[in-house]
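Input: structures, listed below.
The following pair of complexes shares a single chain, subunit A, combined with subunit B in the former and subunit C in the latter.
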Partner chain A sequence: MSAITVKDLAVSFGHLSVLRDLQLGVNQGEFLVLLGPSGCGKSTLLNAIAGLIEPEAGTVEIGGRDVTHFEPKDRGIAMVFQSYALYPKMTVRGNLAFGLKVARLPRGEIKRRVHEAAEFLHITELLDRRPVQLSGGQRQRVAIGRALVRNADVFLFDEPLSNLDAKLRAELRVEIKRLHRDLGSTMIYVTHDQIEALTLADRIAVMKGGIIQQLGTPREIYDTPANLFVASFIGSPSMNFLEGRIALEGDVFHYRNAIFDVPLTAYPFARPPSHGQPVLLGVRPENIAVDGAPKPGEFCAEANVDLVEPTGADTVVWCQVGTHSISVRVDAAQIINERQKLCIGFDPGRASMFDLESGNRL
Partner chain B sequence: MNRATASADAFPVRVRRRKPLITPARLGLYAFLVSAALFFALPLFIMVITSLKTMDEIRTGTIFTLPMAFNLDPWIKAWDAACTGITCEGIKVGFWNSIRILIPSVALSVTLGALNGYALSFWKFRGANIAFALLMTGAFVPHQVYVFPMVQISAALGIFGTLHGIVLVHVIFGLPVMTLIFRNYYAGIPEEIFKAARVDGAGFWRIFLTIMLPMSTPIMIVAVIWQVTGIWNDFLFGLIFAGRDNLPMTVQLNNIVNSQFGEREYNVNMAATILTALVPLFVYFVSGKWFVRGIASGAVKG
Partner chain C sequence: MLMRNLAAKIALTPMMIIVAVVYVGCILWTFRTSFTSSRVLPTYDFVGWDQYAALFRSTRWIVSLENMFIFGAAYILGCLIVGYLMAIFIDQRVRGENTLRTIYLYPHAMSFIVTGLIWQWMLNPTLGLQDFVRNLGWESFSFNWIVDRDLAIFTVAIAGIWHGSGFVMALLLAGLRGIDAEIWKVSKIDGIPAWRMYIQVILPILLPMVLTCVFLLSAQAVKSFDIVVAMTNGGPGIATEVPAKYVMDYLFERSNIGRATAAATVMLVMVISIAAPLLYLRSFRKERQSGAGK
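After this line comes the complex of A and B, so read on.
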């Protein structure tokens, strides 16, 4: 059974339609990440699930109940916000207890739950402080604690780490992952950071223009992007795209342009292409091999090294192939110099082929 | 040569020279400030010394000289025995009237303004913008325009010329500016705090009372100062709506100054005027710092 089902959801602000006919199912205990650039509707979708935005049409079901017209508090959800959204005039204890007091829980129960959440998040010694006296990381811990005490079935995160510096972000990311493992609750997490998405998610929904472009595991999203947008949004440096055409020789499809002529026997076509069809070939920087690592003789293109960027663990080499600028990720141990000439090739089985016109994967 | 000394040579430590304390620009600045202070302080000074003189001394025409004897009689007379029309009970009657008008008017207009501002910034109901625009016309259209209709309405309600009538008028005319002030303040509070409270299950009143109001201290102070001085200094509404028994201090002052028989008692008039101005002056002296701080501060700090 799905923990959350969104059907035909439509949301608009005035005349601006943000979401249309959106469908989404989230499984029990799943960690789903909504990923996309700003303005893609991911936060709107989360707010609609939370009940903070009234949808124009469609339904939201949580735990099998239709909650479309329920107040946020009655949906069995807890939420963590980007700006922490702590109540500034209350102590940390007051912040954690607020929702429980509103729900008129007995005092002992409130005390116990606040204590447990504080213990779990290592903020027990901060309980009597005010939010202004906390650092950004501590504030976000408190915000997570405030969600935790609600014993909710579903956790919603709205870019919870975006206001933190890089080091803290990485720390808290691990902690959120641990939280999910220990609680086993269903979580929906909105972010524009692909690293957060890839590291945390069971499944990722990549969004753009109010539409879910692709819904799949991080591996699927990364290795077999459904269209050009997903392919270029995920990955850093981003996928290399080369224009060309499909050519049929005998019964073998070839990808062909001025420089490359690649037989596509190993490429798993989703739908059969046609002869002469204009396409974009996408290949990730780490899937490009330098100097004959793919079976030599298959193909090899001459490349002029333009720039070398060592990143520590590996090195990104920017080179010029004909008129194309291509990035290649190589092992840090491999010594490559600027203005050097290389022979580069790739495994067509790990590349992606997109229709030039529609941008969809072939 | 190593790197450290190289950079030290490239950026030699600059010897900081002390700026001279007196420059022509600074002299000009002080000259301006002193003359401005004199311009505003001189009338006050003359009022204070005149109020302490006897009429005999005033008649000599030495307006700038200090009083020969420290004479508090004009103050006592102004407070307790000056004539306002037929009665001669001093300005204290007006003072207590003003207090009785002031306290409910300020309390109600500030509370309702805060509530309005809160509702308009967070609970965006259908037509909220139109409601706000209509309210704003109340802030910018001159109040005299509304006087006649208000007289009709309050007469129809049976509260014309009563304490309730004048309080209602002050609350109504205070609302637009109070709403504007609070709405703008609440617009600076992150909406996520409001959303978090809703997820926590709090409703309209609980969010207002337990989360928004405690965050509103700085703007509350601004609003209270604004209303206290505005309502205390009001003359027109008090004259029209308060009724003969509730005339505020400003109206009583006018009666004292303008309706005396025989010789004009300048010393009593000056004392009565200072007494009337004392409340707003006191409010500014005590809370001027808070006023600036409230206007300049954001919502989420502290």
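After this line comes the complex of A and C, so read on.
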């Protein structure tokens, strides 16, 4: 049974339609990440699930109940926001307890829950401070704590780490992952940061223009992107794209352009291509091999090294192949100099092939 | 050192002289004169605390002081409550917001004299509100606070609130607009009713602005003179006398400069004794905040 089911959801602001006919199912205990560039409708979708935005059409079910017309507080959800949105003049304890006090929970119960949440997030010693006296990371911990005390089945995160610096972001990312492992609750997490998405998610929904482009595990999204948008949005540096055509030789499909002639026997076609079809070949920088002697049946192209970017763990080499600029990720131990000549090749089985016209994966 | 920003210093010099002579000089002169037996024209003898003793023996002065506090409390509290409610109302993204804001703020553009006159007509039992309601058919309706010795001062406060709450609204509305929208989302998810948010969460955030309002309104309350003159002229009897009116009356009508300056000095001391701790508190807070920010 799905913990959250979104059916035919449509949301628009005035004349601007943000979401149309959106379908989404989230499994019990799953960590789903909504990923996309700003303005893609991911936050709108989250707000609609939370009940903060009235949908124009469609239904939202949480835990098997149709909650489309429920108040946010009755949906059994907790939410964490980008700006932390703490009550500024209350202490941390007050922030955690306020919602429970209003809900008229017994005092002992409130105390127990606040204590537990504080313990869990290591903020016990901060309980009597005010938000202004806390750092960004501590504030976000408190915001998570305020969500935690609600004992909700579903947690919604709206870009919770976007206001933090890189180091804290990595720290809290781990914390959120731990939170999910220990609570086992269903979580939906909105972000535009692909690293967050790939590290946290059980499944990722990549969105653009109010439409879910692809829904799948991080591996699926990364290795077999469903279309050009997903392929170019995920990965840094981004996937290399090379224009070319499909050619049928005997009963073997080949990818061909001025430089490459690649036999595609190992490529798992989702739908059969046709002879002469214009395509884009996509290869991730780390799937390109440098200077390895081509095995029989493989191919090799000459490349001129243009720039070398060491990133520490590995090195990104930008080289020129014919008119194309191609990035290659190599081991940091491998010494490559600018203006050197290289022989580069790749495994066609790990490449992606897209129809040039529609941008869909072949 | 002296030559730095010379042009600016030269430009500011006339203003500095005016401040020194007109403000500080006049305050000092008033203070000095309050220790003389001056009548129509100032004399420069010295009679010690005589004028102050006479002042505090005068019933009219005591009533004036009481009235100032009653009026001040009702006026400030009323303006804050009505102004906050109007700000909240406008903040609900109502249609015609600009029009409403102008209407709310409009009374503030009127002088206290006009305000006082309008409300004097409105509250006059035989001409205004009471008469209007009676003509509608509610014969026993009675609203005659303005001629009631105990309640007349509150009618002045009502007029003051009508005049001042739009100003409070404008200030607090700016504050409301600055509040993070995500706090409202959180409150919806936490299931906190709007009124509790406005009292327990939003009001504390707006506290600095509320203090500013209190500050400015209390200045109005202390110097209130024209509104009383226009509405009740201190009556019925001395029921709505205020200190500023006392000073004016003794200065001109009663030709008693010594007494008037003594009263003015007492007013000044009161204002300082209220304002000084507040100002001190503020600068203290600012220091602490900038210290915490490091």
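Assume the second predicted complex is superposed on the first by the 358 of 362 C-alpha atoms of A that agree within 3 Å, B and C clash if a C-alpha of one lies under 4 Å from a C-alpha of the other, contacts with A are read in each partner's own complex, and residues count from 1 in each chain.
FYI, a contact is a pair of C-beta atoms (placed from the backbone, for glycine too) under 8 Å apart; a residue touches a chain by one contact, two chains touch by 3 or more.
What you see is a predicted model; the values in this text were computed from it and never measured.
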Partners on subunit A (subunit B, subunit C) - clash or fit: clash
Partner chain in contact with A:L52 - subunit B first, subunit C second, else both or neither: both
First (subunit B), second (subunit C), both or neither touched by A:F98: both
Subunit B versus subunit C as contact partner of A:Q133, first or second or both or neither: second
First (subunit B), second (subunit C), both or neither touched by A:P72: both
Partner chain(s) touched by A:Q82 [first = subunit B, second = subunit C, both, neither]: both
Subunit B versus subunit C as contact partner of A:R284, first or second or both or neither: neither
Residue range of subunit B overlapping subunit C upon superposition on chain A, of 4-12, 112-120 or 256-264: 112-120
Shared subunit A surface residues [contacts with subunit B and with subunit C]: 47, 50, 52, 71-73, 77-79, 81-83, 85, 87-89, 98-99, 102-103, 132, 146, 150
Subunit C residues within the subunit A interface of the complex: 180, 182-183, 185-186, 188-193, 196, 200-201, 204-205, 207, 289, 292
Interface residues, subunit A side, partner subunit C - complex: 47, 50-52, 71-74, 77-79, 81-83, 85, 87-90, 98-99, 102-103, 132-133, 146, 150
Of subunit B, residues touching subunit A in the complex: 190, 192-193, 195-202, 206, 210-211, 214-215, 300-302
Subunit B partner contacts - residues on subunit A that touch it in the complex: 47, 50, 52, 71-73, 77-79, 81-89, 98-99, 102-103, 132, 143, 146, 150, 158
